[in-house]
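Shared chain: chain A. Partners: chain B in the first complex, chain C in the second.
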Partner chain A sequence: MHISEFTGKTEKTLEYLVKPLSVGKDTFSEGYISLENVYKAAEILNGFSKKLDEYDLWKNYMALCTSGVREAANRYFFIDHIKINTGIELKILEPSDEIYIKYLGVKYAMPEIDNYEENGLLFTNISSGNIFINILKKKKLILSEALPYGSLRLTQIFKDIPVQKQHKAYEQDIGKMVFTLKNLLPKKMNIKNVVSSGSSIAVLTDTLKPQKDIITKKDLVSAYNKIKEMNVHEIIDRFKLRQSQVEILIPTLITYLKIMDFAGVRFFYFSRNTFPYSMSLYYSKTIKDPGLYNRFKNTLYYIGEKYSFDKNHAKTVVKFALKIFNKLKKIHSLKWKDRHLLESACILHDIGYIIEPKYHEKHSYNIIKSIEFPGYSKEFIEMMAVISFLHKEKHDINKDEVSVKLPIEKRLIVYKLSSILRIADALDASHNQLISDLDIKIESNAVHIKANAKKYPYLEHLSFNNKSEMFTRTFGADITLETNSDFK
Partner chain B sequence: MKQIPILNKYPLINREISWLYFNRRVLHEALDANVPLLMKLQFLAIFSSNLDEFYMIRVAGVKEQIAAGYRPDDIDEIPPEELLTRINLLSQQLMDEQQNIFISLKNECKKKEIIFVDKIEGEILEYAEDIWLQEISPAISPVTIGQTNPFPFIYNKILTIFVELRKGNLTYYSIITLENLERIYKIRLNNKIFILFAEQIILKFIGRIYYGYSINSYHVIRITRNADLTIEEGAEDLMESIEQQLSKRKKGNIVRVETNSALSNNGVIFLQKKLNFNSKDILFIKGGILDLSFLNDLNIDRPSLIYKPLKQYIPADIHLNSSIFKKIKTKDIVLYRPYSNFTVITKLIEISAEDPYVIAIKITLYRTNTDSGIVKNLIKAAHNGKQVSVIIELKARFEEEKNVEWAKLLEDSGCIVTYGFMNLKLHAKNLLIIRKENKKIIKYCHISTGNYNEITSKIYTDVDYITAEDSVGIDISTLFNNLMEYSDFSNYKRISVAPAMIRNDIIKLIEEEIKNAKKGKAAKIIAKINSLTDKKIIFKLYEASKSGVKIELIVRGICRLIPGLIGISDNISVKSIIGRFLEHSRILYFHAGGKEKIFISTADWMERNMDGRVELLFEIFEIEAKEKLKKILEYNLKDNTRSWILQKDQYSKTASSSSDTLFNCQEYLMEHPL
Partner chain C sequence: MKHLAIIDIGSNSISLQISEIKGKSYDIVEDYKETIRIGDDVFKSGLFSEATINSIIEVLERMKALMDKKEQPFIRTVATAPFRDASNAKEVIDLINDKCGINIEVIDGLQEAELVYLFVSANFQMSNLNALTLDIGGGTTEFILSKKGEIVFSKSLPLGITKLTRDFFNNNPPKKNEIEKLKKYIDETLDEMPIDKSIDTVICTGGTINNISYIYNKRNHLNDTPIKYIKRKFLKLMSDELKGETFQDRIKIEGIDHQRLDIIQTAAIMTDLILDKSKCKGFFTIKGGLKNGLTIDTLNKKGIKMHFQENVDVRLSRILEIGSKFSFDEEHARQVTKLSKILFSKLKDFFKLDDENWKLLEAASMLHDIGNYISYDKHHKHSYYLITNSDLIGYDDNEAEIVANIARYHRKSFPKKSHEAYNKLSNKSMSLVKKLSAILRIADALDISHKSLVADINVNINDNIIEIMPASKNNLELEIQSFNAKKDLLESITKRQVIIK
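For the complex of A and B:
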């Protein structure tokens, strides 16, 4: 528990509380949290609730659960029990949000991370249940994965293997994880820096006691070689660690060594910032990420390229769609965030072509839905996928099952943005960028688009006629297309 | 010089023997010409109470070691059987000395018309008979042991009259316990005060009790029982466990039997059979008056025979209203009890209870006084909607019963009450007041070496430190979170907490001095503590002495370190100050290469404090406060009237030469508050 006081953007830590309870141990081995631990958690959180009383924070707190609860079969019972017995409302944090908050926390503590990102950065957060890996280069998120290889989880998976052999099992399992990562990464990808955070850092710093916020591979190897020959009591005695830390020490050391081998680095930077501290900064809006949208956009183009999309078409559709969006501001009354949504959908609306042109919108939908990008919610990605799906005129927002799953208020946004995407897509229906620019005029009940075209865009006109119907229904205004008369 | 046990190649004085030396120093206050007469009597009383506690806890421990067949690991430690013999021998000597002093003081009292009646006769007889008839006779229940009258249970520290009777050829034994009786009765007659003892009156009229019997002999006896509480491992409810143990304490094993006259062989055998004690446990009180602790409660109003009144001061720049918070934010406040008035602290709690900006108050209670204003104000604060958290140390020795009561009272009033830990005693004394000022949280911390006790605050010397320093506030919050078991996080930056930290930190500080001494730099340590027994620290001090570090120790009580041994401790001096006020503050000074680090602490340098208690060590940064604390140390070292110097293993009172100016540290501080 981290309690902060904010004066403007200045954070002052009032209190920090830690009470370890391995609910993850239950979840990762049995699939649910034992009743005993549910009660223990309630007892601990009851103590924390006294702090909410003390500072009168009941309207101003955030209590989040990560993998230990998120993956437990009885998570809703757990959350309900805590609410009834302590008054604290727990929320489950999605993995992508978890990594994003952790990443921002590190970024706040380590401003130089921007430079590392430019040259190739592997950001990792090794917690009890998962290993989060983000690989960034030149303002693009090359890879973002939440892998179920957290140190505590590994100890539970291999708990039945004799202690002396467990390290071999960990090595093999983490080796498999690295193999997966290698396959996901472009061949010539060069990572220059590794930055880490997470609960594993405390274990490492307590063991290695580094003077600066850097851990070298040499130190890790030396510690690992010593520790794997020692028993639990010897480790506790030698390194003054808690029993719970010793349990995860070996898998933690192996994981770091494997990640360093994978990245080809001799040392990594780490941040001692705790997750609750990062949460505190994030939810108080103390840390912002102005580069987020650009990074996201760059990543979408990067994904598009991976699927050999028509980049010029995508860019053209983006250009037209945004122009229409901007011009129609008074009519659509959408927000800046929705403009991002439109742009994102425009970039990848045709990405499914590579699988099958006929039903490409369905494939686009599936591919987009699978994107996980720290900082963007599942809902945003879902809406983006639905907008892309609906760019094909045969689909109806009120009938297609992909869209009816969305809540009504979101459906309305999707409807408006899909209408715009359809028009923008129609204006480059030939994928030849025949139309170079638009002039948009709004009259009482009609929107008139005057397009500058290199030659008469037959296909665009045809497509426009087919696709404009949804626009008319959505905005209650006719939309017309007129191209340069020279070509008539 | 007696043989000094050598441990790990370094010499140490035995802990129990050293404690008895301390009590001898207390006893000798009653011989000091500068101590007023009634106060001398009070020192005799303190000596008695101290010795009682020593037997109930320490001797009980030695006897348990014997029973368990314990052999010390180190061959140089005294085996428990031998130690017990030595303890009893030394205690007997001290009690003889106490009785002799009492006899001589009785004569002095007589000159002041305070008469301890030796023989009830003349006009006193009539008064004594009235007391016998009206107060004593109806209250006592003599039990003559027989088949229908079993031997009654004799409670700890209760005076008992043991009577050997005869009827025909048969011998009978009878017991009269002096429960629910006044110990002394004062008769004011012709401007004189006559003091009679309850047992004296009973014995005067004893023939009236045993009508038809002939009385062979009678003796006043007093038994002392093991009173150490053992909290069972795994006990789930500390409060419940303490309550159970409290009732057991009254029935602990016998560790001492005092008697005013030699018992017959048969009498001893009879009592041993009934009470289960060893003949070595019998201590004979030659002067005839057992248990002089009553001298603390004489309540004789003779201002000329007591200390002059204590004038306690409140710093002129502190106003006891809500402006005090502003004052604390401007500058830390350091106070030195009893010269400063503890009201500053009690008032701070009272102000906080009413202050609309205070949102929470947290406090540790170890020993507090009956009718405590602090407790009342904590309850008031809870009623006013503040969150009040109180950590009561239920295991504070001989305060357990009272503390259980406090705990219930506070809990019923809506305070959050916790009891510390099963296996650790909470000895840190802290108050944390959390205030919301202009949407900002400000934490006001009180760190003290003394208890939140309004009574002892007038008798004990202690340091009170109040600060609003952010980093201290964070650490003290963390400490409370630990103590209330809300959190295990304990990464302290500004304070050091035992167990785990304080010993290491002290050793590091000593090592720093050693390093400086070896480099030829000035190196000095001054430590004012109550007891020094921790071997690791003592050995480190010997090492420091050998390296040339100058060490001045002011240790009021037990000191296992032996100063002045050539090649081992010749750079160490040890003094003990025993005076009107009980020296209780712990203040540490380390030269630190000229940086001069000053600390206050609740921890004595004993194993029990370092390993078995939650204690606090706090470095003072503020220059003015540091200077004040340095002054206290300076005055303590300068004192040459209340100080005892330890040379080898013997204490002697400072013999100031005629050219020396006499300096009484406590009196000086009364006249010149910091």
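For the complex of A and C:
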């Protein structure tokens, strides 16, 4: 538990309380939290609830659970039990939100990360249940995965293997994880920096006692070689660790060594920021992430390239769609966020082509839905997928199978934006950039587009006629296309 | 050459297909079609009218715009019946060359049929079949008879459906005696053909017959796949439905192509008469026969052979193609398939499986990880999606669903009726999915390191225990670990303890 006081943008930590309880131990081995631990958790949280009374924070707190609860079969029972017995309302944090908050927390403490993001950065958060890995380069998110290889989880998986052999099992298992990562990354990807955080850091720093916020491979290797040969009691005596820390020490060391090998670095930076501290910063809106929008956009183009999209077409559709959006502001009354949504959908509307051209809009929808991007909500991604789905004129709005899943107010936004996407897509129907620019005029009940074309754009006209109906039906305005006639 | 564009100018439509060449296979990146019945003129008056010529040029201009966006694609344009028959064909070809810079190659009926056959053999294991391949066009219909993969007879007959419709139907709707006369004519013409009961497979291509299969699939809530199987009964049903209806009234038929309202009846009647002479209770339709045949033919001429032309097994070649498309780890896929096969043979009798079931597990073993292409997280679900949306050869819709389901259950979750894709399977298919995914999980576990460490497996089954004994020269720590995590499904369905030795 972390209690902060904010004066302006300055945070002051009033209290930080830790009560060890390995809820994950049950979850990772049995799949549910044992009743005993449910009671223990309630007891601890009951203690915390007194603090909420003391500081009068009942209207101003956030209580979140991660993998230990998220993956437990009886998570709803657990949450309900806590609510009834302590009054605290727990929320389950999705993995992509979890890593986002953790990442922002570290970034706040370590502003140099901005540079690392440009040159190649592996950000990792190694906690008890999961290893989160974000790989960024040139302000793009190349990879973001939550891998089920957290240290506590590993100890639970391998608990039946004789102690002397366990480190070998860990080595192989983490080796498998690194192998998976290698397969997911583009070839010849150069990672220059590694930044780490998470509950594993405390174990490492207690063991290695580094002077600065850097740990070198050399120190890790020598510690690992020594510890491998020691028994639990020797480790406790030598490093002054708690029993629960010793249990996860070996898998933690191996994980770091393997990740460093994978990234090809000789040292890594770490942040001592705890998760509750990052949460305070995040939910109090102390941390800003001004690079988010660009990072997302760059990443979408990167995803497009992975699926061999037609980049020129995507860029042209973005250009036309945003121009129409800006001109029609009075008519559509949408917000900046919706403009961003439109742009995102335009970039990826055709990526389903890779599976098959005929139903590519359905495939685009499904591929986009699988995107997870820390900092963007599931709903945003879903809407983006639906807009892309609707770009094909054969889908009748209100009748299609995908948009009806959205709440009505979101549906309206989706219809407006996909009407615009359809027009923009039609204006580059040949994917050949025959139309280079638009001039848009709005009259009482009609929108006129005058297009500047290199050659007569047959296909664009044909497609425009097919695709403009939705626009008319959504906005109640006719839309016409005229092209200049002075062709060579 | 990176891109190849094929334009097919037929009686009822002009279509363009652009492919990206990928080693020994190709991906269709553009599929564009305009239904324009240029044959009508020619069958009526013997030449192309001014208006028709202009429409052709307009369509070709639009197609050029689509082709121009690719870097110097190789373009091949072929024309069929109308250009063979029209008296002003040569002038039109010159004019088009002049105006659009497109050079049209006119091919005769038999060439057309052979090209279609080429594509058919990429999609059917012809060496097992006595097949009649039909290209049902507007002006002519091409017949190719093949036995065990060898063409034994081919002929082009003037049984084009637009032509027949025009020659026999003067009333709308056609009168009973007109239909009878048409049937008699077709029957007599077919009599010269060596179509008999030895034919076990009929494969049709052409826009109108494909429209019939599209309607069929719509009615039966089947996916719109490039290859479909239609029961013969449906042709009778279709003919009956169409009988009293005017062409205009037929619009209400769901899925019908509005440009083919008049000729669809002729296609149904003719196909039914052909099936009558064979022993087939149904037929396959295949889409884009000519265009894909041309694509393959053009590539062959450039010295590029397709997977199916080098491998005897087209089914397996397609699986490899799909795997490569989604960048699978081929070595791991092959190793898992090898282990699955060993386990399948050892557990076959115990599970009461047929040899036939192996192909389901084989495809699932090869493709179980392709979902990684979309993302590692939930990749089993993505594998399901990619498999159901890829065109496997030699698997019908239900079998493809089973394959995808087996792949979907290769990780943690058990098959559950609450999963929609599983729940829609029949009980028999569900039972197959359970058994085969239980095997796949073990096979995948035994190559968890992706290092092909296991050389062979022995299996012992008794009343309480199944012993799995992998043979390896290496340390299998990780494999054993993974085995213990993934044996649960096998234990649950066999009600026996599963141990590794």
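For this structure, a couple of remarks:
Definition applied: the second predicted complex is superposed on the first by the 484 of 488 C-alpha atoms of A that agree within 3 Å, B and C clash if a C-alpha of one lies under 4 Å from a C-alpha of the other, contacts with A are read in each partner's own complex, and residues count from 1 in each chain.
We take it that a residue touches a chain if its C-beta (ideal position, glycine included) is under 8 Å from a C-beta of that chain, and two chains touch if they have at least 3 such contacts.
What you see is a predicted model, and the numbers here were worked out from it, not measured in a lab.
When both complexes are overlaid on chain A, chain B and chain C end up sitting side by side without clashing.
With both structures placed on the common chain, the touch criterion links A:Gly476 to neither chain B nor chain C. Of the two partner chains, chain B is the only one that A:Leu14 touches; chain C does not reach it.
In the superposition on chain A, A:Pro290 contacts neither chain B nor chain C. In the superposition on chain A, A:Pro407 contacts neither chain B nor chain C.
By the touch criterion stated above, A:Asn432 is placed in contact with chain C alone, chain B being left untouched.
Contacts of A:Lys168 after superposition: chain C is touched, whereas chain B is not reached.
Counting the residues of chain A that each partner touches, chain B and chain C differ, and the larger count belongs to C. The gap separating chain B from chain C at its narrowest, counted between C-alpha atoms of the superposed chains, is 35 angstrom.
Residues of chain C touching chain A in their complex: 27-31, 58, 61-62, 65-66, 68-69, 224, 325, 329, 372, 374-378, 382, 385-386, 389-390, 448-450, 475, 477-478, 481, 485.
Chain A contributes residues 145-147, 157-158, 161, 165, 168-169, 172-173, 175-176, 179-180, 183-184, 310, 312-313, 353-359, 363, 366-367, 370-372, 430-432, 434, 455, 457-459, 462 to its touches with chain C in the complex. Considering their complex, residues 1, 5, 7, 12-20, 47-48, 50-51, 53-56 of chain A touch chain B.
Residue ranges of chain B in contact with chain A, taken from their complex: 359-360, 387, 389, 416, 434, 440-441, 470, 474, 477-478, 481, 484-489.
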